[in-house]
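The structures considered in this document are given below.
Shared between the two complexes below is subunit A, which has subunit B as its partner in the first and subunit C in the second.
Then we have the complex of A and B:
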């Protein structure tokens, strides 16, 4: 068998297992209530595995390592924020949100503020955030299949979209819970086991310095395949062998490399694609050095911290899971287990990012840094062992795309079915198809974007809209419907504008680029300020039953109060 | 001689009413949201919010202080601990167990708040 056929087998196995568990779950899904919330009969350990399985997306499995490879120490804040977001969720949101009985943020908005208008506005942002988060998942799938098997990019994206739609439309939430829980353990194994072998291989290689002072060099004669022409910055003149047209001298400065196969000699400095700046080992290993060409690293770090810490609670697929806990206390315990499961997982991606700088530096030339996790086994171990480890990683990556996409699909379809269509099982299926179609079209149309960064933007948007809505709604009686609506429009509008201009590449360098690429630092405070300010100005619109809602959100269930649930 | 005043038993006029088990009244006060009930639930909400904000502030200072530390005292970026640069050791590994510890502490304390609240309601 070739390396490619192992990868194909791995993808097929994950897809079949996912569908198989989905079918097993389908036999259990009998009523609409079963369908949507697994009848709330999911134990904390299953639920925590499912939450983690759903949460660990392409950004976690591939994106973090790619960002660390390109931009160094500052990128460690991504995984830290992805976990710390759950601590904030636990401290401020978990139990009251479960007690609210809300299935989605729009449900919460309506229960708390009795306003169909705020509900519709919230639905709009659920769908926007869900789609923004789905696109990089599908693109990650395309990248993975094309990097490992050479298939066209659209194949992976379509495959994941179809499998997830079939699974979600067919089995609903119950099957999703089983599938997600299984996917967490698969992803952890698939990332951690190859990492151990890679670390052993690195030790066997004499444990060379991961942050060598000179910056990335080709350790041995390396052939680089370019699918498209790439504009690169050459630091030292180097003679490369262009397959089919002989040797060519690349002078220092900006160069346009043609598509095709280029062979670089051992010891040559790696020319970097123009959007990634070449960094010395010291700069790469040091926080706040701006390695890779990121401007204003201190601002960017704080904005990222704010987006991830506060954004997690507002992600559509995260919130839905809390409804499957039997009560508020169980919601808290589940969140605690999630903190542990995620903490273990996020120890691993950094290893790939650091080793990649040494062993797969050509990704800095091609710009496909998100593929570093998949490329390392072949580069560092090779042979049958390398092929098998690569296949394992491909399986884990597909588990990541499938689980996050299906979680996002369940929740966006849930919002669509509740707010757009009538609430029956048949319509849930139609909504799932609709919710998958648009992101697939976007993923196929848009050029490939760095996965980690796009997911970071989705966090920023969630932090600028649903974080203020949830936190103020749970803890402050004074929140009014006009205040919530104004805050959602302000925070959501500003962050959406920042996201769109970043995706369109409107600002390249300097403060505008930094502010737009990491908008949370200014959009989150704005959203909070507008929500509080407008609420204070419309004090007469505080819902009359706010006292009862507060009682429901905060009183322990063991009192057995006669509350509307 | 005047007779000593007759001793009179003072009772509620509703002697026929079923005696409530202890705690029913406070529970009812909560449910019907009278003044006492409002005060009770407000005190619980305040205690829970303060607990959450305090822990959030602790982690905000510890984690949020790191970039500032690296910016103000650049030498901390290069400190080596057990052969690993300090920022990588802290952000790559040590952060995670401390987040779990924080979560565990919060669950303990918040459940104690709720237990105290339930005791208060059921005792009175």
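Then we have the complex of A and C:
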């Protein structure tokens, strides 16, 4: 069997498993006829595994390693932020939100502000964020299939979109907790086991310096396959062997490499694709060095920290899972376990990013840095072992696409049916198809952006809309419906504009690019300010029963103080 | 190129949609048509704004919230609302006259007719010098008054005030209707509570009695289950409970029934744990399970299986109770649900009516049945609905 056929088998296995569990999941989950067992609530451990399983997406599985490979130490804030978001969730939102009884952010908005208008507005943003978060999942699927089997990029995206839509629309995922919990452990295994072998192989190789001062070089004669012509920056002149047309000298400076196979000699410095700047080992390993050509690293870091810390609470598929907790205290315990599970997982992607700089530097030439996780086993271990580890990684990656996309699609389609298309589309199935179609189109259109960065944009949008709504709604009596609406429109409108101009590639360098690529640092404060300001200006619109709502949100259930109807 | 097109389209959607929503929220609907039409629309709009407050009855709060709209509607300098004993709300200029409003309304309250009064005021330029007092009449009883103040009470103001007072009376009548509907719902729950008891209590106690000598430990456990079951089924507070609680109560019920029927009664359960915290109307499943046990064992082969399934369905929770018993004629079930058929069990119609009242007509019971084919009753309950909280 070739390496490709192992990968195809792995993908097929994960797809069939997902469809199968989707259809029979309920029965697998609960075969007992014992009422007491069946009516027992999900334990925080299970629920936390499910939340983690649904949360660990393509960005976590592939994207972080790719970003670390290209841009170095600053990118470690991505995994830190993805986890720390749950800390903020734990401190500010988890228990009160569970006590509110709300199932989605729109529910919360209506319960807190008694305003159907704010509810509708919030549901629009749920759909927008869901769509934005779906794009990188589909992108990642396309990339994975094309990197491992050579299929065109659209194949993987379409495959995942179709599988997930069929599964969700066909009534699968009706009891997703155990399926998603299983997915967490699958992903952890699929990422951690190969990482262990890779580290051993690196040790066996004499543990070469991960941040060699010279920057990335080809360690051995390497042939690089280019599907499309690539514009690269050559540092030192190098003679490459172009298959079919013989040797060619690449002079220093910008060069356009033709598509085809190029063979670089051992020891040659790796020319980088024009959007990634070549970084010395020192710059790569040092924070805030702007390695890889990121402008204004200090600003970008703070903006990223804000987006990820505050954005997690606004992700539709995350909040929905908290409903499964029986009470506020269980919601807190669940969040605590999530912090642990995610913390363990996020240790691993960095290993791939660092090793990738040594063993798969050609990705910096092709620009497909997101593929580093998949490329390493072949480059470092090779042979049957490498093929099997690669297949395991491909399986894990597909589990990541499928589980996150399913969760997002269920949430997005649910909101579409209930709020946005109320009265026109009653059918959940059609809503699911509609909810998957637009992200697929966007994923096919914007395939060149790093996965991790697009996910970062989704976080920025969530942080600029739902974070102010939830935090002020829970902790400030003075929030009014007009204030909430104005804040949502301000924060959401600004972050959406930034997201779309980034997707369209309007600004490449300098402050505009930094501000647009990491908008949270200015959109989140703006949203908070507008929400507070307009609320203060419309003080007479504070809901009359705000005291009772606050009591219900904050008083522990055991006190029995909550609203009795 | 295709990429920028998609992005531009998406940009348009993302920016324009919230913009339109906000614009409509802020501006309201714009007026079209002739001057008279615009005036009519404005009046109807003002009335529609006053209506929700009045629908909660003639209280101080409702009066305060609706008085402003009523004053705009009448175009008078001030408006006062009283009930039979005191002033409820004053809206408009010269609030120093508010104290006298109730005294001024006395003749109208007594005579149940519109009166025009002079307001004693030292200031000759005071805009509040005359008043039109109209009684608010509910079922031939005067429950309060609406008073419009202006410099001069012309026939136009008298006519307008009388019409508005009649409209307000209509809204108050609707409020009373709402209230009696709520009382009816409460009565339905109470009826259900009362309805569970006699047969079941007798059968359960008999079954327990049969164990007292042979298996005293089991008898004791069953008695405790029975005690818990009756406590839950006769609790008096709260219209809603969690699905987990309701299922626990059904478990006790089935335990007692199995003590009576033994292996003849098979029970299967599949519950998605995600839906356990969902708030459901109190006693919405129990009558259905009771029916299923009855039907499942009533006819045919002497044994029956009852299946209860609760699954996650996006923003809804789907619960079904199924038996493999004799089934019934769909026409008859339709008649029972419509309340036109005589039946010894009112559970089905009762649950259906309560679900519709809480969640809307599209969330009524779904009954699939045919003679000899068993019965499956399905409930679709939204995970969250405004005002619904388990207690």
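Operating definition for what follows: the second predicted complex is superposed on the first by the 532 of 565 C-alpha atoms of A that agree within 3 Å, B and C clash if a C-alpha of one lies under 4 Å from a C-alpha of the other, contacts with A are read in each partner's own complex, and residues count from 1 in each chain.
Everything that follows uses one rule, which is that a contact is a pair of C-beta atoms (placed from the backbone, for glycine too) under 8 Å apart; a residue touches a chain by one contact, two chains touch by 3 or more.
Please read these numbers as outputs of a predicted model, since none were measured by experiment.
Once the two complexes are overlaid on the shared chain, A:405 sits clear of subunit B and of subunit C alike. More residues of subunit A are touched by C (comparison of subunit B with subunit C). By the document's definition of touching, of the two partners only subunit B reaches A:339; subunit C does not. When the two structures are aligned on the shared chain, A:551 is found in touch with subunit B, with no touch to subunit C.
Once the two complexes are overlaid on the shared chain, A:57 sits clear of subunit B and of subunit C alike.
After overlaying the two complexes on the shared chain, residue contacts for A:111 are found with subunit C alone; subunit B is out of touch.
Contacts of A:3 after superposition: neither subunit B nor subunit C is touched.
When the two complexes are overlaid on their common chain A, residue A:347 makes contact with subunit B while staying clear of subunit C.
Across the superposed pair, subunit B and subunit C both touch subunit A at residues 562.
Looking at the complex, you find that subunit A touches subunit C at residues 26-27, 29-30, 32-36, 38-42, 101-104, 107, 110-111, 114, 117, 120-121, 124-125, 128, 171, 173-177, 323-326, 410, 413-415, 417-418, 428, 438, 441-442, 445-446, 485-486, 488-489, 492-493, 496-497, 500, 503-504, 544, 552, 562-565. Against subunit A, the residues of subunit C that register as touching in their complex are 2-4, 6-8, 10-11, 14-15, 17-19, 21-22, 25, 61, 237-240, 244, 247-248, 250-251, 254, 267-274, 276-277, 279, 311-315, 382-384, 386-391. Those residues of subunit A that touch subunit B in the shared complex are 73, 76-77, 80, 83-84, 86-88, 90-92, 95, 285-288, 298, 301-302, 305, 329, 332-333, 335-336, 339-340, 342-344, 346-347, 350, 475, 547-548, 550-551, 554-556, 558-559, 561-562.
Chain contact summary for the complex, subunit B toward subunit A: residues 27, 30-31, 33, 37-38, 41, 44-45, 48-49, 52-53, 55-56, 59, 63-64, 67, 70-71, 77-78, 85, 87-88, 91-93, 95-97, 99-100, 102-104, 106-107, 110-111, 114, 117-118, 121.
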